[in-house]
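Chain nomenclature is as follows: A, B and C, assigned in order of appearance, with residue numbering initiated at 1 for each chain independently.
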Amino acid sequence: MDHLHTFYTVIDLGGTFAFAISGAIAAKVKGLDIFGIIVVAFTVACGGGILRDISIGAIPPAGISDWRYLLTSLIAVGVALGFGPMLKLLNRPVILFDALGLSLFAVSGAEKALGYGHNYEVAVMLGILTAVGGGVIRDIFLNRIPVIFENEIYASAALLGALVVVAGDYFSIPNGWTFPLGFALCFVLRILALRYHWKLPSFNNSNKYSDGI
Amino acid sequence: MDHLHTFYTVIDLGGTFAFAISGAIAAKVKGLDIFGIIVVAFTVACGGGILRDISIGAIPPAGISDWRYLLTSLIAVGVALGFGPMLKLLNRPVILFDALGLSLFAVSGAEKALGYGHNYEVAVMLGILTAVGGGVIRDIFLNRIPVIFENEIYASAALLGALVVVAGDYFSIPNGWTFPLGFALCFVLRILALRYHWKLPSFNNSNKYSDGI
Amino acid sequence: MDHLHTFYTVIDLGGTFAFAISGAIAAKVKGLDIFGIIVVAFTVACGGGILRDISIGAIPPAGISDWRYLLTSLIAVGVALGFGPMLKLLNRPVILFDALGLSLFAVSGAEKALGYGHNYEVAVMLGILTAVGGGVIRDIFLNRIPVIFENEIYASAALLGALVVVAGDYFSIPNGWTFPLGFALCFVLRILALRYHWKLPSFNNSNKYSDGI
């Protein structure tokens, strides 16, 4: 149990760092001050997990009771601000870090829900919520429609990662296999979708009929 | 108790369907992809109830632990996407479905809070929250000021429905009477307000004095 | 304990009144109807506290179970609507009331988290959340980037107030000293920051390099 707990923690902190980087960069570009950048970075990193913990009754949420999450977010802000030009050279670092965090949180979120004894639907829903919740809050803070709702394979990649964890539990496959598999499938799907511009269909062609209304 | 439970469930699923339809149509018009449409539809349908459940300690919230809510939302999305042109012909179906969901959720939200042993204020507040919470989240997702805050008899209709349930509990009138009555009063008030353009007063005439500030 | 409880309640209701005034004025200026004004006023006043109570497991949140908060919000709406022109003459009353509420909530939020047995990080985080949560929700409702994220000494003043309470607990200094001290330091910092236009640094100079991207 203790090794497993360490494993969860490493996954959680890795995802926290990745998401905080993406939040800090987005907030910096919007011209927020240092406190605003920290809040947005922390919220992107921990927002999904806090919503998950509140939903499963893990009170107080780990995001605000475990100082390592806050420290990780602060380090990520330092990196994002200190290495800004370098991050720029790396080309779309936000999106890469985002894909890492997405995959890590989908898997760990589903597992934590199962660990609290909840059913498979809760695990899948909260895997997705953990993965995309922080980003949705970020976009609400930055006053735009959450990007995950528009023509991207993003939440659906998180769905895939969470489903692997749930399937692993159903077929009693050890975590050591399903964690890396769920993470890898989610990450690869996300990266391929970005690389080849895969999109989910939208249906707003009804606009054709609604001119002048 | 079992009959009552079935009754609650039917009411909840009916409201879920109605709200999910309205969410799916709004998301479709905004051009979101299929996953975004499902998320918005589900959130409109279950968001208010999830906030209610978190507030009364019903963990995990029924919206994410009971597969029937998700299935109902998915069916509603299918109907909204498949019968889009027909929904258009029906003229303002979003508003009609919205009024149905509003009335159902105001009544069931207040009742569930009472069922968990909370006081009348909690019941009224959570009846309104259940009824309008999903729509408020929808508008936040779609990046606009929640429509319920602007010149509409909407949340006030939910207030009426919740008050009927609370009054029924206070005077020990059976649910079988107060549920349909609260639902009907809320629905009729909402529809009449739409039909005759009843509005609540606003007070922004102070703008007269603030030109140039 | 009873005296302490009374003291908390007075602080909470004072902050509630101050924040509700600021929420009501902002909602009125935006042209919301009377119900929208009440909802925004109540949400600004109690939103942060409700999020805090949900995070520490104080269910149902005091904001919706204690009628005094709702009554206080309603009175504040009456004052804001009835004395609108007078408030105008008082010059920037929103900002003054806001600073009072900020200071009161930072201190009481941190104290309540400690009272529920949570650690110092939770206390500081929830002190800030209680203080700024309602204002963030207000700005999300009014469809703008939360003002606290942009170049203002605001949340950082709340951090100072909450830190004083936590330090007082650590050094076993009685509440009677740390409460007024934390409140005063937070309030003075906020007012000085407004008076002398103190700002936190922002880092969006990266825009220089990103023209045309």
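Just so it is clear, a contact is a pair of C-beta atoms (placed from the backbone, for glycine too) under 8 Å apart; a residue touches a chain by one contact, two chains touch by 3 or more.
This is a predicted model, so every value here is computed, not measured.
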Overall pattern in which the protein chains touch one another (line/ring/star/complete/other): complete
Self-contact between copies chain A and chain B, residue sets same or different by half: different
Rounded Å distance, chain A centre to chain B centre (Cα mean): 29
Shared interface positions of chain A, touching two or more other chains: 54, 140, 143
Complex interface listing, chain C residues touching chain B: 27-37, 39-40, 50, 54, 59-61, 64-67, 70, 81, 84-85, 88, 140-143
In the complex with chain B, residue positions of chain A that touch it: 54-57, 118-119, 121-122, 125-126, 136, 140, 143-146, 148-152, 154-156, 199-204, 206-207, 209-210
